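Two complexes come next, and they have one chain in common, chain A, joined by chain B in the first and chain C in the second.
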Partner chain A sequence: MAAKTLTIDGQMVGAAEDQTILEAARDAGIPIPTLCHLDGLDSVGACRLCLVEIAGSHKLQPACVTVVAEGMEVRTNTERLQKYRRLILELLLAERNHICSVCVANGHCELQRLAAAHGIDHVRYGYQCPKLEVDVTHPIFGLDHSRCVLCMRCVRVCWYIEGAGTKNVSGRGSGSRIIDDLCQPWGESETCTSCGKCVHACPTGALFYKGATVAEMERDRGKLEFIVRAREKKQWIV
Partner chain B sequence: MARRILIDPVTRIEGHAKITVYLDDEGNVSDARFHVVEFRGFEKFCEGRPLGEMPGITPRICGICPVSHLLASAKAADAILAVRIPPAADKLRRLMNLGQFVQSHALSFFHLSAPDLLLGWDTPPATRNVFGLAAANPDLARAGIRLRQFGQEVIEAVGGKKIHPAWAVPGGVREPLSAEARDRIKSRLPESLATAQTALQVFKGLLKKFKAETKVFGNFPSLFMGLVAPDGSWEHYGGHLRFVDSGGEVIADELEAARYAEFIGEAVEPWSYLKSPYYKPLGYPDGMYRVGPLARLNICERIGTPLADAELDEFRSHGQGAVTSSFLYHHARLIEILACLEKIQEALEDADLLSTRLRADAGINMPEGVGVSEAPRGTLFHHYQVDENGLIRKVNMIIATGQNNLAMNRTVAQIARHYVRGDTIPEPMLNRVEAGIRAFDPCLSCSTHADGRMALHVRLVAADGTVLDEAVR
Partner chain C sequence: MSFLDLDEGLLDLAARADLVFSPVVDAKEYPENVDLALVEGAVCNEEHLEMARRLRARTRVVIAFGDCAVTGNVTAMRNPLCRAECVLRRAYLETADLNPGIPVEEGIVPPLLDRVLPLHEVIPVDGFLPGCPPPADRIRTVLEQFLDGKPLQLGPEQIRFG
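Moving on, here comes the complex of A and B:
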């Protein structure tokens, strides 16, 4: 496989030809913030937090789905990018009801961590405060739409790792909702295998173990990587 | 011409309130009202949330007494899970509540009320605060601040943080107590006990000077309610409810908290966001009852610790049967600090306190549950109804301060009647009306307005609405 050479933030970086900018940057120790991306899952470029600048293009590109090219000049942390990332995070926080102080994921939440890392101490947009339900019909798990950022990690993990295809998305835009099967209560789903991968994939407090109280919901992402590695590389490394 | 005196805001209480005193044509007080002007809405917006979140959400009602809501909420959830929590969890919850009593009572006495009591009602507001107290009596002020800190540290040692620990959960508690944390509490007990005793001596020394206040600061017959232990002794977390009358007679006993709706009614008045609970058999408003330190000392047979019991005997000499002066809430509060410190001392000797078996696991087994616990300010009820999956359908909370609402109104009227003569705004009356309210240590929300800069706004308004006189300081 041919290697490509590019510069990321002024640093010369070598990458395999099918690698994404995100992978190349991480291999080189250059952090790029992500939210919808999860190692082991196919990237969809939905959250736009990993947008980067590429010399010669006015368009910002999502690092998670843009493949490297020879001689590419990438910048990951310009003032313009920081501005857009803050904007994206503020819009996410305003869109639904993210009440960190009483959330099951408080202290273990990727959205919270990203917001803190980007210096978000207030939100400039009007909170939408939608009245959203909590689905706790499943015997073990719960889904709180108030905390969902529609990253669709749960959908992808359910379809492409577990292969059950229970989780899906209904609606459009801000009216989108994560649904189970044909938009029925989770507890009535006939396809759900209760594997819990979606719960471990969730970046926020949207999916949780029932009975979890404030800040108790910690995810084990290692489990997902273990399964993917075992399946694809036949390596069972715990 | 009928007039109205408005005190807005009332300072050095927890929350937002104002007072209106109504005068009749002769300039005599016809009525007085204590208005709570804030609306929180917790009962409404908890609807639809999972039960497990309730002990996380409801402590946010208050930053002064989050532990009270935490425990009442966890107890209501225990009832819905239909579990008996592990004994060590019960003991640790009790320990945390004792810490909460110490810190809240110390705040009430040293930070909020001692400036009135020790500096005098008529000291200018700019110095009649905890800073003025620190200047006049630095040792006492420092000791009081450290006593509150000790209470906070007990909460932190048990629950991991001082304010809003999400530690008590449906079925028990999350974390055990470490031996190191236990020893840390133990090491600070002697100093705290000494401070509590000093404060009691100081207060008792002032009682002679405050004869008039003892007589008119909310001194009237009423019922008293609170929890008592199965043997009738002082209780703060378990036991059952008891009502006594002003003669000290037990009029209802062994009442189950879960059936509170059978004996407690909640009246709503259009001029306040605070409900007015009353004892149903006597009707509204005759069923007025008081809760909190004064009530707890009036309803119990004894406290059960030597130093506090000796103080209780002396305290009882202030009444025939029950002690009826609301001014003596301060006295009762200080005795309770002593009692809590002695009980903390006892609790720390229990080897089971360090047990790690702390949480009963169960699903939703009951459609509703009531949790009752004594908050520093009085009996606190949390009542939840859930659907079959544990989502909250309905919440009713009866807060300690609400239960004192009728008595606080009566207190304001009594003080105003005593000090208002003729058609001028008597300055001493204003300070005393506020102080009368402060004796109840009302907690109206999570914010403390203990700032000397806060304006006291008083208006004399004629019946037709014209402002006759106005004073702002």
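Moving on, here comes the complex of A and C:
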């Protein structure tokens, strides 16, 4: 496979021709923030946190789905990008009801951690405070729409890793919701295998194990790594 | 309570500052020319709104202290119920076991606002101290920065909500 040479933040970087900017940057030790991206799942470029500047293009590009090119000049952390990332995170915090202090994922949440890492000490936009349901009809798991950021990790892991296709998205824009099967209570789903991959993939407290109280729920991401390794390298190492 | 976790730091603080208004100071009226106010809690009713405006007018530096003041936090969980009358109906009629009735006493019970608001949606705020509660070291950092005349600056590990 041909190699490509590009610069990321002024640093010369070599990458395989099918690598994304995100992969190339991470290989070079250059961090780019992500939220909807999860190693092992196909990227969709939904959250826009990984937007980068590419010389010669006015459009910002999501690093997770943009493939490297020879001679590409990428900037990952300009003031403009930082401004947009803060904006995205603040809008996510304002859109639904993210009440960290009483969330099962308090202290284990990617949105919470990203907000702090981007210097967000308050939200400049009006909280929307939508009235949203919590689905606890499933015997083991729960879904709290108040905490959902619509990253669709759960949908992707359910369709493409588990192959069950239980999780879907209904609606448009801020009216979008994660649904099960044909928008029925999770507990009545005929396709859900109760594998729990969606719970482990979720970046926030939207999907959780029932019975976890505030700040108690930690995800077992090792389970995902096990699956990725098993699939890609045919190694079943626990 | 978290403020009290400053422990011996409280003694240093007492040597450098005068506490002029707080739940533990017997002052009925918020004084003039206050250097720093740490405002706890969200703005939930007319009395809070009035107090926030008065405090802003009489204070040089106002800091939103804790997640309730910064985000609305748990107190804002009533907002999805929409207007104040829905909240009162839910709390005092629909879920009441004994003597259902919405408390009304003009001049004593302040009318609820339709929405619980973070402090900065009501008055300009100079600094934010998130946390539920903000841990003592975070409080100490902010107070020391203020007393030393430095700009308020908290690192990523010190501004986490929750």
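The rule is simple: the second predicted complex is superposed on the first by the 237 of 238 C-alpha atoms of A that agree within 3 Å, B and C clash if a C-alpha of one lies under 4 Å from a C-alpha of the other, contacts with A are read in each partner's own complex, and residues count from 1 in each chain.
Everything below uses one rule, namely that a contact is a pair of C-beta atoms (placed from the backbone, for glycine too) under 8 Å apart; a residue touches a chain by one contact, two chains touch by 3 or more.
In this text the structure is predicted, and so the values were computed from the model without any measurement.
Engineer: Which partner, once the models are overlaid, touches more of chain A's residues, chain C or chain B?
Structural biologist: C
Engineer: Touching A:Val104, do we find chain B (first), chain C (second), both, or neither?
Structural biologist: The answer is first: A:Val104 touches chain B but not chain C.
Engineer: If we overlay the two complexes on their shared chain A, which of chain B and chain C does A:Ala212 touch? Say first, second, both or neither.
Structural biologist: In the superposed model, A:Ala212 contacts chain B only, not chain C.
Engineer: Please indicate which partner A:Asp121 is in contact with in the superposed arrangement: first for chain B, second for chain C, both, or neither.
Structural biologist: second
Engineer: With both complexes superposed on chain A, which partner does A:Val136 reach: first (chain B), second (chain C), both or neither?
Structural biologist: In the superposed model, A:Val136 contacts chain B only, not chain C.
Engineer: Quick check for you: in the superposed arrangement, does A:Arg113 touch first (chain B), second (chain C), both or neither?
Structural biologist: After superposition on chain A, A:Arg113 lies in contact with chain C alone.
Engineer: Contact-wise, after the overlay, does A:Asp39 reach chain B, chain C, both or neither (first, second, both, neither)?
Structural biologist: The answer is neither, since A:Asp39 touches no partner chain.
Engineer: Shared contact residues on chain A for chain B and chain C?
Structural biologist: Of chain A, residues 101-102, 215 contact chain B in one complex and chain C in the other.
Engineer: Can you list the residues on chain B that touch chain A in the complex?
Structural biologist: Interface residues on chain B, with respect to chain A: 48-50, 52-53, 55-57, 60, 164, 166, 169-170, 174, 361, 389-391.
Engineer: Using the touch rule from the top, collect the residues of chain C that touch chain A in their complex.
Structural biologist: For this pair, the touching residues of chain C are 64, 67, 70-74, 76-77, 79-82, 115, 118, 120-121, 125, 128-130, 132, 154, 156-157, 159-162.
Engineer: Which residues of chain A touch chain B in the complex?
Structural biologist: Those in contact with chain B are residues 101-102, 104, 133-134, 136-137, 142, 144, 187, 210-216.
Engineer: What residues on chain A touch chain C, complex-wise?
Structural biologist: Against chain C, chain A makes touches at 93, 97-103, 106-107, 112-113, 115-123, 126-127, 129-132, 215.
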